[in-house]
Amino acid sequence: MNLTTSIIGIAAYLILAPIAGGLLAGIDRKISARMQGRFGPPILQPFYDFFKLLEKEPITVNRVQDFYVMCFFIFIVITGCLFFAGGDLLLIIFSLTLASIFLVIAAFSSNSPYAQIGAERELLQMMAYEPMVLITAVGFYILNGSFNISDIVSSQVMGIQYLPGIFIGFVYILTIKLRKSPFDLSMSHHGHQELVKGLTTEFSGKTMAVIEIAHWYENIFLLGFVYLFFANSLAWSPVLAVVVCLATYFLEILIDNSYARMKWQFAINASWIVAITFGFVNLLVLYFIS
Amino acid sequence: MSEQWKIQNFISIEPTQLVDTLQDYKAEGYRLAQVHCTKVSEGFELTYSLDKDHVLTNFRIILPEEEEIMSITGIYWAAFIYENEMQDLFGVKFKHMALNYGGHFYKVSQPTPWNPKD
Amino acid sequence: MGKRTIIPFGPQHPVLPEPVHLDLVIEDEKVVEAIPSIGFIHRGLEKLVEKKEYTELVYVIERICGICSFGHGWGYCHTVEGLMGIEIPERAEYLRTIWHELSRVHSHLLWLGLLADGFGFESLFMHCWRLRERVLDLFEKTTGGRVIFSVCKVGGVRKDIDKETLDEMVSVLRGMEKELKELTETFINDYSVKNRLVGVGYLSKEDAIELCAVGPMARASGIRQDIRLTGNGVYDKLEFEPCVETAGDCYARTLVRMREVYQSIDMIAKAVELIPDGEISVPVKGNVPKGEFMARLEQPRGEAFYYSKGADSKFLERIRVRTPTNMNIPAMVKTLQGCDLADVPMLILTIDPCISCTER
Amino acid sequence: MSYVTKSPWIIHYDGSSCNGCDIEVLACLTPMYDVERFGIINTGNPKHADIFLVTGSVNEQNITVVKLIYEQMPEPKVVVAIGICATSGGIFKECYNIMGGIDTVIPVDVYVPGCAARPEAIIDGVVKGLGVLAEKRAAMDQKPAVAAEVKEKEEA
Amino acid sequence: MSTIIFLILFPFAVALALLVLKTDAARDMIVKVASIVIAAASVYLAVQYFGSGGEYFDFESETITYLMIGIETLLGVMIFYLGIKYKKYVASILAAIQTPVMLFFELGIGHSIHAANNLYVDRLSIVMVLIIGIIGTLICWYSIGYMKDFHHHHHEEPDRRPRFFFLLFLFLSAMFGIVVSNNLLWLYFFWEITTVCSFFLIGFTKTPEAIKNSFRALVFNMLGALGFTLAIVILGKYYGIMELNQLLAMGAMGVSVVLPVALLAFAGITKAAQMPFNSWLLGAMVAPTPTSALLHSSTMVKAGVFLIVKLSPVLGWNLAGVMVMLVGGITFLMASFAAISQSNAKRVLAYSTVANLGLIVACGGIGTYAAVWAAIMLIIFHAVTKSLLFLCVGTAEHNIGSRDIEDMDGLFGRMPKLATFMIVGIAGMFLAPFGMLISKWAAMKAFIDSGNVLLVMMIIFGSAATLFYWTKWLGKMVAIMAKQENIQQNVHKEEWLVLTSLTVLTVVICLVFPVMSSFLVVPYLETIYSSVATLALSSGNMYIMSAMLALVVLLPLLFYGKTSKRIVPIYLAGANLGDDLTFRGSMDKEVSVSLKNWYMDDYFAEKRMNLIGVIATVVVLVTVFSILLGGVL
Amino acid sequence: MAAFKLGKMILRSLFKKPATLMYPVVPRVWQERTRGHIENEINDCIFCGICQKKCPTNALVVDKAKRSWTIERMQCIQCSCCVEVCPKKCLTNENTYTTPSTEKVVDTYVGAAPEPKPVPKVEPKIEPKAEPEVVEEKAE
């Protein structure tokens, strides 16, 4: 991928991701509501929420948390930009980690009980999903000989053919990243949970709006990962990949609605077991055949 | 079986007998059903109800207002709720409570509203 | 203290529909110590005996709690009727029993929903409450209220239910059963639900006896204890066997309550078959004589306790209501120790706490 | 039109009520009434909430709690008192531990009558609250100037 | 060559002087001057040999040989005696075996082998000299103030500062010796001195625990030294060589040198505190903090990994290499897990050190171009960042009275400057634009390329654990607590100076690492690897990283702590009492909010992790050595 | 593994019409017995005051002299106690509830002077602001 396409990718991501992410969130809420036998909110509800949050009175619990949240947002966007510019997969993962850590730190900085426990749980979740994300990158690298996304999407092979285990593993941990039940431990989009709002307990107004929009950016970028599994040099593969992304998202909604929230022990056990059984075994097989 | 609910038996005992009696009954398999207090002219009228096989046995104690009574939390720990409640609302004094909220069980606008002191 | 985190849990907390407070001392997420504090709802309504006549008092007693409202009204009327020596008509007894069992269905469905919400299973919560609305519609149709019925009065009931409505009631409940099966199937067999319930908050039979647990809490620990067995209302004609489980954990408590929903539906159907025609109330006049009377009732949450003391006047001298939650709080405190923070909502919920009952 | 009215997030606190109104508030969230249609989410966290639904009256112990929750909510905010207990103390008005309706502690914007208040009434009440919310939001735009003036005066 | 000799002898001379001097002023003066001189000399050495990339020197003298033999024998006797005195007979036995063997060999076969070049300098040596010369002296400088406080805190004990500084400088001297010795006997000699220095410094406080731990360190290091001895004997007897470069050359020519290499690597493993020997480093944390910083994180343990990195060309896919990479990998994984369950800051740092050394060892074991690049980078970044962290903890300990992370509540309010330094240090250990992560990234890529899936999994899972324990500490640092009193004015000037320079160094080194890479590390690698592989980080990525770092540094400067928002109390479930620190608890009591981190003892209990690691590594070591010895016998 | 136990119901619900009543758009149909608010056929009222005496919440004020019957809407618990005790049966419990309001609604019904017939129809006396609400409700 040359510079022009990179710049187009970045620009498209910067502009379209929040719109797509917000819409996705709206559709998510609508579908969830329907699954629960309810009518549900308007599709544009997430945007209303976002603008509402911007209108609220600015309050904060200390002078620094906004800064950390801002950093979270900036690095999430940078991560997404690197991704859509066709950058290095490992760099992207590290950048994502950095961003997530800023969010955790923002919660820690408030020194408030529920935010703190939320932060601990978020950390635990990061520990749970990080291996699988890295394994995904390794899988692509072994397959394509490059960490560069531009090389991966233009390669001859379709990732899913050789990485089915890794794909399953990734979708599994995607549940954590998208904050869906059974793994919505650290913060939930629903009100009723033992941690009040977990991580985001102390954020409100504009700060919360920044977090929301960062999540939209993040979600789109995460679906980009799913896209990678199906994209190759064939012309029709992007279409298939997008369809699969949407199907995956639907699956996540379905999972969200048909599971109880699990405890952290389960989260870490399950994620690591999946990482080892699906991820590791897939990697072994890859080494074996390549 | 059917008419058990109509049985109303109240047995009067002395405050000093309470702990021994309850201990004996507990050994026989009675559970504590409830404790309550009524303010009467002689002081407090305490009722301890025990249940076994769906039959209630009520022990009635008349406690002069200034006297202390032995807590039964040593026998039935669950009684701490009743005793703290009576302590807060009536001003009944208990000795050796296993879990004493020290008057902060219910925060009420006036002390011992059931037995106003003025 | 080292690695201990101390956090306030409540009074305002999203998993607590009603305010209680716990000082939770946790290590990682393990609860080491939990000291409860209540009193956020204490109103002191028993003291209203001095201000309300015994016939009006029933409206106060009904509002001790909005979920077990009917039972409270019944229990209170029971004691006054006992004091005054009133025999109420049989049809009234039947109607009371039917409403009471219907309350149980509504209360248990409500609880199942809240439990599902407690472990973050939103859709299950929604579907439980969706079904519950049908029961509420029945209440609205028969009593005119959704949660507070105001149908019980000293001497009988205030409203009759005609034959068609009774039949409709049974058919609605039977219709519900099918969808209910799917929900209970989820509670019983779903992996994630079981993961959150099985083995959590274990209360042994010995502990349950020691801590004087009542109602579903006791029955889930293997104690055959159900005040309906004493034959109040028309329960002796309905032939039932209390639902008893032996596991003593949250899962068992869920099972007990779920089975009771079906059982209550059966009991209502049977009562509808047996209900005789006749008056629904007897006139009550005059003062309440001197004396005292104790009555008990199996509320959805367990054994509730009513006591009235008459003083030969329109005003009673003392009433006393001891609600099931009161007796289950010690068990809750006990089970809280050593559980996970994520289990705390579960444990608070499995005693099906009704704080406004407890504190009156 | 302000977005506040399109996404009112609520927080519910149970004063010393009988549970009747509480479960009706909860029922509003469930399929039959589904207030999420109006963008309402039950947040459970005062810092995220726009509308404060209080059921039950104020007693000695929860008076500070109600005050705190109200104070922790960012502007613009609206208080809806649900049920007659929250409005005036209701049937418990004469109890020794009841201080009265919510308006004895914090300003109430909308009263929802009923014992227990029906879900429909609660929805009506919240919708009415939205109007107040919009007004308050509009007032906020003028406020900073006022606030600055006050500050100057204080300093002077 | 004279610079080298100077670097070895000058610290030694200073050490002797410090042993004699008893006054504070004189000591301070000498330490400061000596530090500057040593740092300057090491920089001079770097400049001197930078262009040529190093050379070998045949500095030879019978006297020195005999002197060394004499000192070694003395040390052996002393250890034997101390072992008897403190009833640690294992140490005595080891000394009793090792010293005679060495003596016999050196006077016998060893004497007949002529070592052409006893000393050398190459770019790896330069890197190490710079680390020792700069980080080492900074730590010595820091010790001035620290030891005053330490003495103040432990005033019931006699003032042993002369001895402390003596050991510190003696150690520096020995360390320089290690990195420039080509003659294995010389290397062995300096190796032994570091062991003994470490032994005395761990037992510095002379508490029963300190003595126990010092002997543990001694025994484990002597086990390694025994391996070293055997390697020397085997090399001398069967290969007839005594020089490191010859050993490597033989390996490159295809001569099987697996057994001696494995033995040398074993020595390196013990010194680098790899499992199963990691417990000595944990025990060493009883020593005063500068000791921990200097010996047990940035330099002495680096001698172990230095040896392994040095040997890496002959490691790789042979038994010795597999042993090294597995031991390193397992150690990395298990030590990272174990760190999660620790709340004592020094122990967390210790486990992190063990883990990072494990990573370096694993890289060395793989022995490919990219892996060694990562290993060297790790050594550099780790030395700087870890010493910063250790010193920060030391300062915190003296000012808040605890080294427990949980007691660092609100440190940001109490000691903002120190907390900031610590945040930089912690971030430097695992976050994206900082050096450690860059090296880890490279290491990971090297692992993948080498085709060792197991090792890849270890680094992946280990990194996840690393993330957890660092971030929770970081969280403690950034937490803003209400009403904290600033107490940082009590800190010594020297400490601030050192901490500031280390912090700056941490950041600067990350900014200039591409330069370091291309001018120092890559040329070194080109001398040992004929083929030049592509590096993990393309230049584009390096630029992105640098840009990210700039962003991370600039953003706080621009926006940190600036807000016009109304500041409100935190959420305490409606039970606030108004000061953010207490809430109305049960029974109407005032309860303080206490927020502690997670330790997950059920999962990552230190004991269990150690046990698993020790068993796994022992199995690896025993298997490899039985195969090797079986092949020989 | 027993997973997706609720899956069937969820998927079915997804494609079925939601259970939501769409309340403000679709008006609620009340049951006959629904207890909404108390209405007084003021012309039949004899202002005996029994309802006031029996009302558990003291929401009623009857003034015989002014021939007014006042109800504090936000104090009434719809228990129908007054309806039951009313000797003239002029009180009824209508099935629509009092609409929420920004103020506490008090409705006063004033009976016409006793003698001259025919008596005018319901004439809710104006309590500022609250009045239109009452009228609106009746219109429904």
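Order of writing sets the chain letters: A, B, C, D, E and F. Residues in each chain are counted from 1.
The rule we apply is simple: a residue touches a chain if its C-beta (ideal position, glycine included) is under 8 Å from a C-beta of that chain, and two chains touch if they have at least 3 such contacts.
This one's a predicted model, so the numbers in the text were calculated from it and none came from an experiment.
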{"item": "Partner chains that chain C and chain D have in common", "value": "A, B, E, F"}
{"item": "Chain-contact steps, minimal, separating chain E from chain B", "value": "1"}
{"item": "Furthest chain, CA centroid comparison against chain E", "value": "F"}
{"item": "Dominant interface by contact count, named by its two chains", "value": "A-E"}
{"item": "Distance from chain C to chain A - Cα centre to Cα centre, in angstrom", "value": "43"}
{"item": "Rounded Å distance, chain A centre to chain D centre (Cα mean)", "value": "35"}
{"item": "Distance between the centres, which are taken as Cα means, of chain C and chain B, whole angstrom", "value": "24"}
{"item": "In chain C, residues with contacts to at least two other chains", "value": "5, 7-8, 11-15, 19, 29, 37, 39, 42, 44, 47, 59-60, 63, 121, 123-124, 126-127, 130, 133, 145, 148, 190, 192-193, 359"}
{"item": "Residues of chain E touching at least two other chains", "value": "568-569, 571-575, 584, 586-588, 593, 595, 597-598"}
{"item": "Contacts with two or more other chains, residues of chain A listed in rising order", "value": "33, 35-40, 57-59, 113-114, 116, 191-192, 196, 201-202, 257-259"}
{"item": "Every chain pair in contact, whichever chains are involved", "value": "A-C, A-D, A-E, A-F, B-C, B-D, B-E, C-D, C-E, C-F, D-E, D-F"}
{"item": "Of all residues in chain D, those that touch chain A in their complex", "value": "2-4, 6-7, 9, 30-31, 34, 36-39, 41-45, 47-48, 50, 74-76, 137, 140"}
{"item": "Contact set on chain A toward chain E in their complex", "value": "57-64, 66-68, 70-71, 74-75, 78, 82, 87-88, 90-91, 94-95, 97-98, 101, 104-105, 107-116, 119-120, 123-124, 126-128, 130-131, 134-135, 138, 141-142, 147, 196, 201-202, 268, 272, 275-276, 280, 283-284, 287"}
{"item": "Chain E residues within the chain A interface of the complex", "value": "410, 431-433, 437, 441, 444-445, 448, 451, 453, 456-457, 460-461, 463-465, 467-468, 471-472, 474-476, 478-481, 538, 541, 544-545, 548, 551-552, 555-556, 559-573, 580, 593, 595, 597-598, 603"}
{"item": "In the complex, chain C residues that touch chain B", "value": "37-39, 42, 44, 47, 82, 209-212, 225, 227, 229-232, 236, 292-296, 303, 305, 307, 309, 317-318, 320, 322, 326-327, 329-331, 359"}
{"item": "In the complex, chain A residues that touch chain C", "value": "32, 35-38, 113-114, 116-117, 181-182, 184-185, 188, 190-194, 196, 257-266"}
